[in-house]
Amino acid sequence: MGVRLVVQGLFKNIIKTRKMGLKFKAGATIFFVIMIFGLLSFLTPHYHSYWYHFPQAHPPSLQSVDFIFGTTSNGRSVFWSLTNAIVNSLIIAVVTSMLACHIGLIIGILSGIKGGVIDKIMMFLTDSFIAIPGLPLTIMLAMILKPIINLFLLGVIISIISWPWSARMIRAITLSLREKDFVIFAKFSGMSTWKIIFSEIFPHILGFHATNIINTMLGAIGAEVGLAFLGLSIIEMDTLGTMIYWIQRYGAILQNMWWWVVPPIATLILLFLSLYLVSTGIQEFLNPRLRRVK
Amino acid sequence: MNDEVLRIKNLSGGYLVKRDNTLDYIDAVNDVNIIIKRDEVFGIAGESGCGKSTLLKLLYGYVKSPLIIKKGEVLLSESTNYYLNILSLKNEEVKKKIWWKYISWIPQNSMNVLNPTIRIKDHFLEILRMHMKIERDEAHKLIVEYLGLLGLSKDIVNAFPHQLSGGMRQRIIIALALITRPKIVLADEPTTALDVVVQRGILQWLGYKQRELKNTMIIVSHDLSIHAMLSKRIGIMYAGKIVEISRSENIFEKPLHPYTQLLLSSLPRLGDKSLRIGITGSPPDLIRPPLGCRFHPRCPYCIERCIIEEPDLTEAEKDHFIACSRIEKR
Amino acid sequence: MLPKHLIKYFLFRILILLATIFTAFTITFVILKIMPIDIVNNIIARSMAVTGAALGDPEAVRRMYEIYYEIFGLKGTFIEQYVSFLNRFLTMDFGISILARPATVQEVISYRLPWTVALLVFSTILSWVIGNIIGAVVSLFEGSKLSNILQSLAIILYPIPYYVFALVLIYIFGYIIPLFSLTPIRLPSNIFSLEFIITVFRAMTLPALSIIVIGALGWWFLSSRAMALNIISEDFYLYGEIRGLPKLHLLKKYLLKNILLPQITALSINLGTIFGGALLTEILFNYPGLGTLLYQAVNAGDYPLVLGIVSMSIIGVAVATCIMDLLYPLIDPRIRYR
Amino acid sequence: MRKNWLKHRLSIYVLVCNFILLAVLTIPNSFTVTAMPQLPIPPGIPRGDVLVIENGVVCPGGWGPDPYQFNYYQVGWATACTGFLQTGCGSPLWYMNLTSGELILWLTEKPPIYSTDYKTLWIMLRKGISWSDGHPFTADDLIFTIEYCRKYPELGLCNVRITTNVESVRKLDDYTVEIKLKEPNPYYHYEWTMRHYGWPVNFYVIPKHVFEKIEDPVKYKFYPPVCLGPYKIVDADPTGKWYLWERLENWWGTKLLGIKPSPKYILFVALGSQERSVIAMANNELDFTEFTSEYVRIIMDRNPYAWAWNKRDFPWAWTRDEGTRELVFNILKYPFNLTEVRWALTYAIDYKVIFDAYKTPDGSSIVPNPLPVSRFYPLEQLYVSGLKTELMKYNLDTTPPSYIQDYLRVLGLDDAITWYKHDLEKAEELLKSVGFYRGSDGKWRLPDGKIFEVNLISLPGAEFSFPLVHIVADQWRRFGVDVKLEVIEAYWDRVYSHTWDVAFEWPGGGFPTLDWWETPREWHSKNCVPGARLPWVGYIMCYGLPPEKIPEGVRKNIEVAKTVFPDREKLDNLVEKYIDTPPWDPRIVDIVKDLLSIHLKYKFWITVFSPARYMVGNSYCWEGWPTLKERYAEPKPYCSSFLFTILGLKPSERCPIKESTTEPAKVPKGLTVELKPLVSEYPPTVTPTVITTPTMITITVVEERTRTIISTITTKVVEEVPTIDWTLLITMALVTLVIGAAGGYLIRARKK
């Protein structure tokens, strides 16, 4: 119930705040810059993965690209780590959002539209997953899958804790849509349930779904950093989480190695900020009610 | 004896809206002059979007961004020869001195106007404590008594709004507006949300109440049948201007303004089986209202003068004011 | 006496609650069982590695393993173990914690529960109150400078991962300005003394601050502001304004009352989660709460302890949701039992 | 006009924000805030009376889940974080002086006395000892301990170890105990000697008068513990974050030996992470802990009172840890059963990189170690130098960097022996000789065309495994081996599933005694029987045996490869001889040499280094930490021998003291004896004249030359501590700048 009101509130709020377009632009710009940065990772030199290839803890200098952001305590280039980290973190984020949001979407719509026993069973499953504390569940799963962990699996693990929330939200919206005149009308005009879902319900959920995808991406990046903090991410790869893990491990902050500390944390914050702005922007963009106001 | 209650003088107002980085002014109310008398039901009619509700808001002094007043006065006759300009008062002053003491308001859309989380009696209590400075216990007694007087059951005092039917809610809202016995009651489309049967009952009740309390009532509605039932005088509004004012018999029997005529002809009448003719075209864009008579693009009797000259409201017959160049000329 | 359909509804809701708890418990148990950790093996192997001495008789070693499996309830097939743990779950007696042997799970939890509850109840409620009030007040001044600054701040604070924020807090207040000690604290025996308050304050301020700032200015603020703006555009609020009600009255009776009702649901779920502890915050601040304990237990594969804490959290969340479902119609007059 | 101003306002906002931040950060710093110690001690106790120890790496998660668990014979390391060992609460019969290898007679009056066939051990207890509750300590307690362990199989390890070794135990008089062993074992007294950790390495005596009343040994917690050491527990945090111990004023040691430790209170705290430890020590809230090489440079920068192994001079590193760090192969599994593969992987490691990775600013680092023997006196001289010619056959680096050689010389070690050459050609040659080939992608393929994958596992908590495993994984990958590195919490369980290829461990090492240590005892093929669980030493006992002889537990999980091991019999014989030879017998030297030669030849483990550990004491409140020059004790804060560090401390003038004594309580000279257990034909009480067989050690070992060489080394001077931490500030400022800019952008965007 509360969730439903919050969602409605968010929607209406966005209609009210007229300058959201700027938020979207700002978010997209920051995201674009980060993405360009990430795309540079395709130019990563082969020696990047080697430890102690560069001098240790070298402050930033302009002598070559490798040294732009300096080097780490284990003699790796912060610049290349960062570019790779962005890509890898985004892969995890995309996998998670694609899985969690679509599972949530299907379950949410089905239980919202069908109602009755199906709704009860699905919601009780969702509630069960919500009741299990999230982070410990992720930790357990990460430990189980540790021997075969990769970016995709990490995404799967994180999506296991994120889908129930999507499902609940989508269900709440579907329920409110179900009572709307146009859906009732469609139902009375003999449309099949699937037709109703695709032609009447889906377009209205699309806006929320898009923002939900981005919010889940945001959550996934955060969850990965959390897992990495406990050493449960893929330490062998560069992600934003593992970068922070190594910083922590080598005491980079206390060693005053700001060139190593600032890039991942700043990127993380900027990435979060940009995704958040984009998500609010998309809400504004895709919401049909908003279009009417314009 | 001065039986004037409210005098609206050259009132102009509208909305300032920012669109695509340009400030637009929506000319919702333009140069309105009305005199409203004591113990009278004055109706304002017109199509949607003609500025009826805006006029009402201005009368009430509820001026809040983006609504602005351009010019004009709303004079409230406080005593025989003393007029108070509502629009010159500060927001807080209007709130404290005028609202519910002199003027109260019956809002549109009765379904949603009551706070769903507080009880009916709390709505009354709020008003009594705010505007009459009556203590809680006393007010409580008063409310029960009052509702009894209105013929409402005592039980609803403790009910929540959603537990009541639409008609009941509307009655409550009307009761709310009348509890302080204000001189003027403004009703903004008081019965739109209700079905016809309930509507009728409510209107009868409202008329009865008005006769009993002998206060002035200004009713805004696009529905002429409501006016036929209640209003003693009717002002017809079109595109922010009053185009015709007269007693309701006059308006319904022999409307002079072409707009009024068209409006009435689109109204079904008992026993009349002829096809109803709607008004062609749509109301003008109030950001750039047409020059001359604002009705001229849709007027079947449009002459050249209508395009050039803006007609003034003149008394064509006794107590029958009309703003039309053709009539004026006649 | 309650009407019949209400009793039916109540019973059904409680049935759902039990089913939820049961399913969540089963999921946890299965996942724990899939976890590739045999704690008995881990403990014995570790001791053996450190001893560096031959264990000699394989028969004796085998016996030792058997005894430990038996003591920790890890004997038998999957189904047998499941039944035995379900039995423990139903009696809420999780037996002996493997890590803290011979202390029982309840004992170990009871040492830390007050800390976690104190921290999380305090910070959750405080951030809820602050966030909602600021959100509602700011919505009244929508478009003003204050509102813009607060909103920008919230948008920036909301996405900051709280561990980053926590680290910054530790460095600033623990090291650069050592206002708060990083060493664990000792609680004075007299809980009504000033010293007690100061000690608790010292231990809890930083972790609580990290939760409150992010929580209050992040989620609670944004959501309550969104809802407040929604309500301000409602007819009843407008009518309240038209009736000339004072601003404070409008804020209290019209805005906050309508915002808080849905927010209470969210709060109750949040309060339900406190039995799981705040894992990362507790680890970062070296806080003696359930979160760290749970992490330790998961790492070691201490089934009874993990199941104990997780079950508490599951029950907490499920019961909170259920209670809210049942009580909500009493609080919010708009909702009726379906 | 107004718009212009708006534009500037953004930058003004950001600037102002940054200035405020800078001010907030710098002002308190420039006034040098004096950190008030806010330790969890009862009110009224001055800081100078409390010694604050962080015991760090050994406790899982830094703290015990149940702080009131002191029943140490139960499974698990219940007492690991409590200070139980360090304060001597769990007192052994003998301590070993780990700097000299001598025995310290603690609860005993004499060294252990063996019968000539090594089947009986007589222990003579010191008279006049009492428990902390005043109850006298007698032979009954010792006998009760053994019988208690024997009686309860629920106690697990304790029960297993007693039943495997002890035939019977008998009281000769109140202070003499006779232990009859099942098999001749001249090493049995080690089970009762505190060498490096405590239980489960060695036994303690438990108070009979307390434990005999216990019915269920599983449920009993033994809190507060009844001790034999100079401290008793006062209070413990219910959440296990700290333990406070108070000096026992009527301790038997003060009466009998004249030892009175200086600190009135000892506080053991768990700070949770190295960062917090650094910050706490910088604030003088912590007196002793261990740091990793990354953090030690930070603390030496931040606190001018921090003392490492040589105070503030070179070398900071303490390299005398009893364990060497090794990469152990799963030699039962193909292709790691092939000696060529193991050697190839050894040659693919560049030890110089590892040395640099562990190096601290002063120049000290790990000690490269080609053999699984500790590199200190006498093991270095006996075995490492002793096997020099043997080692040279295996491609030892003859031209090591001079800084490594200088470093070895300072430590008194053989500077010619560093490590194997980083020889990729030889490695390649070796792999090709067993049919491996390189694929087109540069990765190694097994003869059957599969990619050569190595699954390297390691503990997460062990600071010495990091960054070693990462470097090795990296170097092997560069060599073309597909390495999958796994850092696992439940490491031991994983090890026992046998499903790994290479594991990081420390099975090698040794003490400053002639014998190497226990590991070779298990290499005998008789330990490899079908029903057994393989003890953790890299499965050498099963190497070369036919697969059907390998325990089922192993065969169930991995495919056991057939292996040719021509030296199997020789190894078995050597192990038998090793077990029969007493540790003080000089003949053991040759046996160990032969064992090591076989080990070296087949390269079962890659011994990488002797770790450099950074044990940092804070001399702000307490002085007299053991240093290179005054090496009176081992500085490990979590081991039992830390009691002797505590005994060597004295308060500095800087902290207020009330009840601490101002002088350190050094252990009297007469307590330490050479490790030469007495061998007798008769029990000591039966014939009071003990016949000792004169088995003098005839090897002359060179005394360590540490002190004389120090001056020849250029030490790096630690830079002066800056009062204002500019880089951190700039970091913060940059972060806020970014945040501010984004915020400003939003504000401006809305203003439009």
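When the chains are written out, they are named A, B, C and D in that same order, and each has its own residue count from 1.
To be clear about the criterion, contacts are C-beta pairs under 8 Å (C-beta built on N, C-alpha and C of every residue); 3 or more make two chains touch, one makes a residue touch a chain.
Source: prediction; values computed, not measured.
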A-D against C-D, pair bridged by the larger set of C-beta contacts: C-D
Nearest-to-centre chain - CA centroid comparison: C
Maximum centroid distance from chain C, chain identifier (CA atoms): B
Chain A and chain D, separation of their C-alpha mean positions in angstrom: 43
Whole-Å gap between the CA centroids of chain C and chain D: 37
Separation of chain B from chain D, taking each centre as the mean of its C-alpha atoms, in whole Å: 90
Separation of chain A from chain C, taking each centre as the mean of its C-alpha atoms, in whole Å: 22
Residue list for chain B, restricted to those that touch at least two other chains: none
Of all residues in chain A, the ones touching two or more other chains: 143, 147, 253, 265, 269, 273
Two or more partner chains touched - positions in chain D: 275, 279, 489-490, 725, 728, 739, 742, 746, 750
Chain-to-chain touches, reported pairwise for every pair that qualifies: A-C, A-D, B-C, C-D
Contacting residues of chain B [partner chain C, same complex]: 60, 62, 94-96, 99-100, 105, 107-109, 112-118, 122, 126-127, 130-131, 160, 162-163, 176
Complex interface listing, chain C residues touching chain A: 16, 19-21, 23-24, 27-28, 31-32, 34-37, 142, 155-156, 158-161, 163-164, 167, 171, 223, 225-230, 233, 261-266, 269, 272-273, 276, 279-280, 283, 294-295, 298-299, 306, 309-310, 313-314, 317-318, 321, 328, 335
Touching residues on chain D, where the partner in the complex is chain A: 274-275, 278-279, 294-295, 297-298, 302, 353, 356-357, 460, 466-467, 470-471, 473-474, 477-478, 484-490, 725, 727-728, 730-731, 734-735, 738-739, 742, 745-746, 749-750, 752
Chain A residues touching chain C - in the complex, by the definition given at the top: 1-6, 8-10, 12-13, 16-17, 120, 124-125, 127-133, 135-137, 139-141, 143-144, 147, 218, 222, 225-226, 229-230, 244, 253, 265, 268-269, 272-273, 275-277
List of chain C residues in touch with chain B within their complex: 234-246, 249, 253-254, 257-258, 261, 332-334
